[in-house]
Amino acid sequence: MAKTEAVLPSAHVRPVAAGGMPRHHMAIFLGLLLLGLVGPFVLYPVFLMKILCFALFACAFNLLLGFGGLLSFGHAAYFGSASYVSAYAAKAWGLNPELAILLGTAAAAFLGLVFGSLAIRRQGIYFAMVTLAFAQMVFFFSVQAPFTGGEDGIQSVPRGHLLGLFDLGPDRNLYFFVLAIVFGGLLVIYRIIHSPFGQVLKAIRDNEPRSVSLGYRVNQYKLAVFVLSAALAGLAGATKAIVFQLASLTDVYWTMSGEVVLMTLLGGMGTVFGPLVGAAIIVTMQNYLATFGAWVTIIQGIIFVVSVLLFRQGVVGVLAQWLKRPL
Amino acid sequence: MEHAPVAEADGLLLSVRDLHGWYGESHVLHGIAFDVRAGEVVTLLGRNGAGKTTTLKAIMGILPKRKGSVVFDGRQTIGLPSRAIARAGIAFCPEERGIFSSLSVEENLMLPPKVRHGGLSVDQVFELFPNLKERLSSQGTKLSGGEQQMLAIGRILRTGAKLLLLDEPTEGLAPVIVQQIGNTIGRLKREGFTIVLVEQNFHFAASVADRHYVVEQGKVVDAIRNDELDQNIDKLHHYLGV
Amino acid sequence: MNNDIILSAHSLSKEFKGFIAVDSVDLDIRRGSIHALIGPNGAGKTTCFNLLTKFLQPTQGTITFNGRDITRMSPADIARLGLVRSFQISAVFPHLTALENVRIALQRQRGDSFDFWRSERVLSAFDDRAAALLDDVGLSRFTAVAAGELPYGRKRALEIATTLALEPEMLLLDEPMAGMAQEDVERISALIRRIAANRTILMVEHNLSVVASLSHHITVLARGKILAEGDYAAVSKNPDVIEAYIGAGHA
Amino acid sequence: DTAVKIGVLNDRSGIYADLSGEGSVVAARMAVEDFKAAEKGITVEIVSADHQNKPDIASTIARQWYDQEGVDMITDVPTSSAALAVNEITREKNKVFINSGAATSDLTGKQCSPNTVHWTYDTYALAHGTGGAMVEAGGKKWFFLTADYAFGHALERDTTAVVEAAGGEVVGSVRHPFPGTDFSSFLLQAQSSGADVIGLANAGGDTINSIKQASEFGITQGGQALAGLLVFLTDVHALGLDTAQGLVLTESFYWDLNDDTRAWSKRFAEAHDGDMPTMVQAGVYAGVLHYLNAIEAVGGKDPQAVMAKMKEMPTDDPLFGQGSVREDGRKLQNMYLFKVKTPDQSKAPWDYYELVATIPPEKAWRPLAEGGCPFVK
Amino acid sequence: MFELLGIPPQALFGQLLLGLINGSFYALLSLGLAIIFGLLNIINFTHGAQYMMGAFVAWMLLNYLGINYWAALVLVPVIVGISGVIIERLLISRLYHLDHLYGLLLTFGLALIIQGLFRNEYGISGLPYQIPSQLSGGQNLGFMFLPNYRGWVIVASLVVCLATWFVIEKTRLGAYLRAATENPTLVGAFGINVPRLITITYGFGVGLAAFAGVLAAPIYSVNPNMGADLIIVVFAVVVIGGMGSILGSIVTGFGLGVIEGLTRVFYPEGSAVVIFVIMAIVLLVKPAGLFGRTA
């Protein structure tokens, strides 16, 4: 009867029939890589790096929502805490960027493990609220904790030298470092979705008790995907901290959690490439509307409403329908 | 149509013509047509997936997409929202029972508003289904499968609707209860209720119905009077694939 | 108890806030037998099921499976031991195709699939087996159909196929025939008989003809207590059973 | 002739929108007008943006302005975190940053930069203004209501120092979460502490809420004085005099100080739908004006030269009068201790303050030595 | 005179009382959320914004039309409630056939819009709203000075909460509503006008939020963000209580208010997170929430 449609239109995740990456996905990945490579010579690298970081963040989030069927409304917690950790490691301990980022990612993964193991005890909307509440907790912690620099955040983080060799100071150098990280992240996510593990996730989302009766330890699967998602979100956050040489409360505030949901929704949740598009659109929008103040939030709100009402499959989802191919 | 519905149109309570129904894209009903006279008990027989449940849903107006003509009590209902159809005097007991977990058994029983006089009283319902009386205060879905079935039937007997649509009311019921239901249906018939029954349990159907319509792939392919059942038994077995 | 008892419950009870649904029931199920659990509605059959498969915690009593105490185990672990159940209200994965439904079960043979780094290509290894199972329950025409769109009866069939895919040592079927057309009933009975060859089956069923033809041993529950035990002939003669369950019509 | 591009970067939608926001842009334009740029063959363009009080947005915009849009100077930038971010980037890109909106005294202390001027106020000055003056006025026993984060702690620390130096004592303090809504229980603790003065070491919405609820618990009527350590004209406006009356606070500018300020503020109000200027907006005006004067004097816009010139020549403007920019970038001028009028004392709209004391620069601002600014030898 | 952890008992009473007041806002808001959720199966993220609207509309009535607090107390819930009805009819009602999470997303977007609009119009530093003269001043209870207004807040919210509980749990209408959320189609097939039920319910839940807003206007700063952070705490409250039971959310609301109040005395630094910590603990020991129905 009512309310049967799963959060994600299942059509988009039909497994690629017993094959590896279907040709058109391969093509898209290559296309993206190409874009990524020429990008900085056309557009402002810092701006592109911002898009890249958020793209990864959105994809990580989508892994949980679109493919795990779990709507986390507190993903800023992992994004933000990772950015704090990597910023601190790079500034206070003078770690190399790659190490700082790894550390941040690990921190996020750990946090994901702790919060995840609690949050998965509730489903659906409750899950969303629980994650949101935990994120708020992280926010308050970040405000008070001495090492986060409270409201000032951690400023002037050194970009440092990759492996102690390559200077990441110049925007272009840094850019390619970031591109590598983000692209790697995307490939990982893609593989997760199209793995036996991914199949089980789909089943669990469809009918939990049945999965249990088949002998699957459902919660462990949920936790696993939660931690994976948190870690990848952390990877994005940690990278962002190095790029902007700054970690601040914005990264852990609930509006950030909202933004990532928006990006995913707009791009097309449950699609592989949707979040990329969503992130690009939102970041660009924020960039050009910065002068309009409160209108930024209003417009974001409007996009939310419109996407939910008329545009649930998101840009890429619609495209996928039109091409009759999962994207 | 090669099978003649009811020849004489007198006392027609429900008359379905060229009824089509869809679930999303999939076209499930392909021109269902049959008639029910006032005070009659007819069954819809057919294999799994033939479209019996869907037919009932379409009549009740809860099938999202439907076309054709459903005339109830001389009134075209195909366009009406289900609440209007219910008010007109049709009641539906779904296959999956539809007991409300957030309501106590009593609240479940009392939920459907009376649309006409002449429904059973609560005590009469308890008389039919003693189990319910004992568990009045417990949560509706905490009842056993069968108890839920009783509740689902019991509650629509109260409303005093003229036409009852029962989808596999005996499913998962113990033989004793099945017999009770049989008697109940007989009694309801005597009290002037009209009943459309979807059944898998063909013996049960035979014991209560006046006529049987056979549904196959969204069409009514045959109509058999209960008293002519013996002659047609082989045909029927063929239809049901026994 | 001797070792040809595969599953045994001792003084099993379940109480729901004051209401005793199952009242110190003793069950011994012989290996390789088809054991039917019958009884009037609300007798406690499904509750028994849920207790045996640990979907409910017994208020008291012990359950041993293959001589091993499973009273405190989790449902998933029970399933891993080879004690698998079906549901009274049908349970499939609506958005997966029939084939994928079965495959999910087959996948269990690989143990836990936490291997998110591997490609799902490894799963296509199971396709043939899955197809075969679907064929067994007469769903070969529906392999590519999303389970949610199958009619009720087919869903039940699919559910059984999925359950079988686990190659369970013991099967618990809650009203496998409910809502099935005659033809399916026949097929499923045949299937059950076939699979029972090397398995133990405990089933709840109201369709007496099925019970009569299939089961070696019958336990009759009423109001949470055991009313009678024995084979069909014996049980169906038992006056209490007739009075409480079968009713005059059938006797 | 030179073309100068000035970026007004501030909060246009958030908690500081009213005290900086569009008003600061208006002020900047007025500065350009009064400077008569055109006649001097200097073309000035003003751009503005909203940093939403987020340091990362602030830094992104600053980067883009410097790298892509050829902005020479950024001004205003309330919110310490954003200010510090812009401070860094300005140094990195070697441009000019004249901050008016931010409170943190680190801008001219640990984080000081040769490319930055900090104009209107800072936490040190506020703490000293209010703290010192209150103790002199007899408020010896203090209790602090402190926002529980770096900024609040700093404010409490500085003020405590002053109070104790001036012979007062701190009888207690309580740290409230930031941001908070219900302060009643903290106020109750303050009330029962027997202090003469309750110091509000918080900002924005927190301050407004605490003042509102203080009046509800009749704290000022109960004889205890309420001292806002970071309160702006717009906050008082928002509270209304009924609630805010009796509040003591420190600012470096008030529209009703003298004829010059009145005249200028009148013009401002006309250009800014009737709202009177805050000290931050005044600071933007004065800062831009001084910057342009420096450019004129240098005859070019080379950041180093201009910075040097700004520090070398005295400042003079209708709003802050005579003043100077110190080596570490600190702008020096009077601070004023105000008391909020009672409703019946107030004659006209925006007539809110009565002047309690004027604090001369040497007492108001942190001595150069104490700041610990690295590049100042 | 003996002291408890360094706090004189009177002071403690005072703090308890303040906790209750604080809790009455949690109770009103979480109740509204629970009702809307219970019946529409969506989490109304707009709730915070609607609470804010309540306060603002009260302010507008006073400043544009000179309508006083007492009238506002009645009018505002109606006005905002109607705005809610419109939102439900125009937007939310299109989502019922979808997963609940879409409702969350939609209302989140709406919250952004509403807050943004008010921010554009009225700025952020907030607007003044005086305590009604009848309630100004306060009682000296010996152990504390209790502003009359705060006392009134407790009473008002208690009455409203209990009345609501009665309607939902004890009346026939309530039964319809509960049934309608589980299976609207079937309830409709019984001849009940489900869409109207749902609309009314949403309007009512929103009205509750607005009512809380009016209560808050005189004591909290009336600004566009006043609801934004509060609502997240209320979510935690709702999770702790479990939305299964109306009474549950009321009790939890007041209870947590008190607990938070006490934390402010004994460990102020922790008062911001105490509720979230409790939520974590509850999730550990009783995942369904204190009053939650376990399916």
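Letters A, B, C, D and E name the chains as they come in the text, with residue numbers starting at 1 for each one.
The working rule: a residue touches a chain if its C-beta (ideal position, glycine included) is under 8 Å from a C-beta of that chain, and two chains touch if they have at least 3 such contacts.
This one's a predicted model, so the numbers in the text were calculated from it and none came from an experiment.
Participant: Go through the assembly and pull out the chains touching subunit A as well as subunit B.
Facilitator: Both subunit A and subunit B are touched by C, E, going by the contact rule given at the top.
Participant: Between D-E and B-E, flag the pair that has more C-beta pairs in contact.
Facilitator: When the contacts at D-E and B-E are counted, D-E has more.
Participant: Cα centroid separation between subunit A and subunit E, in whole Å?
Facilitator: Each chain's C-alpha centroid was found; their separation is 32 Å.
Participant: Would you kindly tell me how far, in whole Å, the mean C-alpha position of subunit D lies from that of subunit B?
Facilitator: Going by mean C-alpha positions, subunit B sits 77 Å from subunit D.
Participant: Could you put a whole-Å number on the gap between the CA centroids of subunit A and subunit C?
Facilitator: Result: the chain centres lie 42 Å from each other.
Participant: Starting from the mean Cα coordinates of subunit C and subunit E, work out the distance between those two points in Å.
Facilitator: The computed centroid separation for subunit C versus subunit E comes out at 47 Å.
Participant: Going through subunit E residue by residue, note those that touch at least 2 other chains and give them in order.
Facilitator: 116, 119-120, 183, 185-186, 229, 269, 272 - these are the residues of subunit E that touch more than one other chain.
Participant: Name the residues of subunit C that each touch 2 or more other chains.
Facilitator: If we look for residues of subunit C contacting two or more partner chains, we find none.
Participant: Where in subunit D do residues touch at least two different other chains?
Facilitator: Only 13, 17, 148, 177-178 qualify.
Participant: Can you work out from the touch definition every pair of chains that touches here?
Facilitator: After working through each pair, the chains in contact turn out to be A-C, A-D, A-E, B-C, B-E, D-E.
Participant: Per the contact definition, I'd like the list of subunit E residues that touch subunit B in the complex.
Facilitator: So the residues of subunit E in touch with subunit B come to 38, 172, 175-176, 178-179, 181-183, 185-194, 293, 295.
Participant: Give the list of subunit C residues in touch with subunit A in this complex.
Facilitator: 53, 55, 74-77, 79-80, 84-87, 91-96, 100, 103-105, 107-108, 110, 112-124, 127, 146, 148, 162, 166
Participant: Okay, in this complex, where on subunit D does subunit E touch?
Facilitator: 13-19, 148, 174-182, 184-186, 188-189, 191-192, 204-205, 208-209, 212-213, 216-218, 234-235, 237-240, 242-243
Participant: Touching subunit A in the complex: which residues of subunit D?
Facilitator: Residues 12-13, 17, 21, 48-52, 54-57, 59-61, 63-64, 67-68, 79-81, 84-85, 88, 104, 111, 148-151, 177-178 of subunit D touch subunit A in their complex.
Participant: Would you tell me which residues of subunit A are touching subunit E in their complex?
Facilitator: Touching subunit E from subunit A are residues 1-7, 71, 73, 118-119, 121-122, 124-126, 128-130, 132-134, 136-137, 140-141, 144, 254, 258, 261-262, 265, 293-295, 297-298, 300-305, 307-309, 312.
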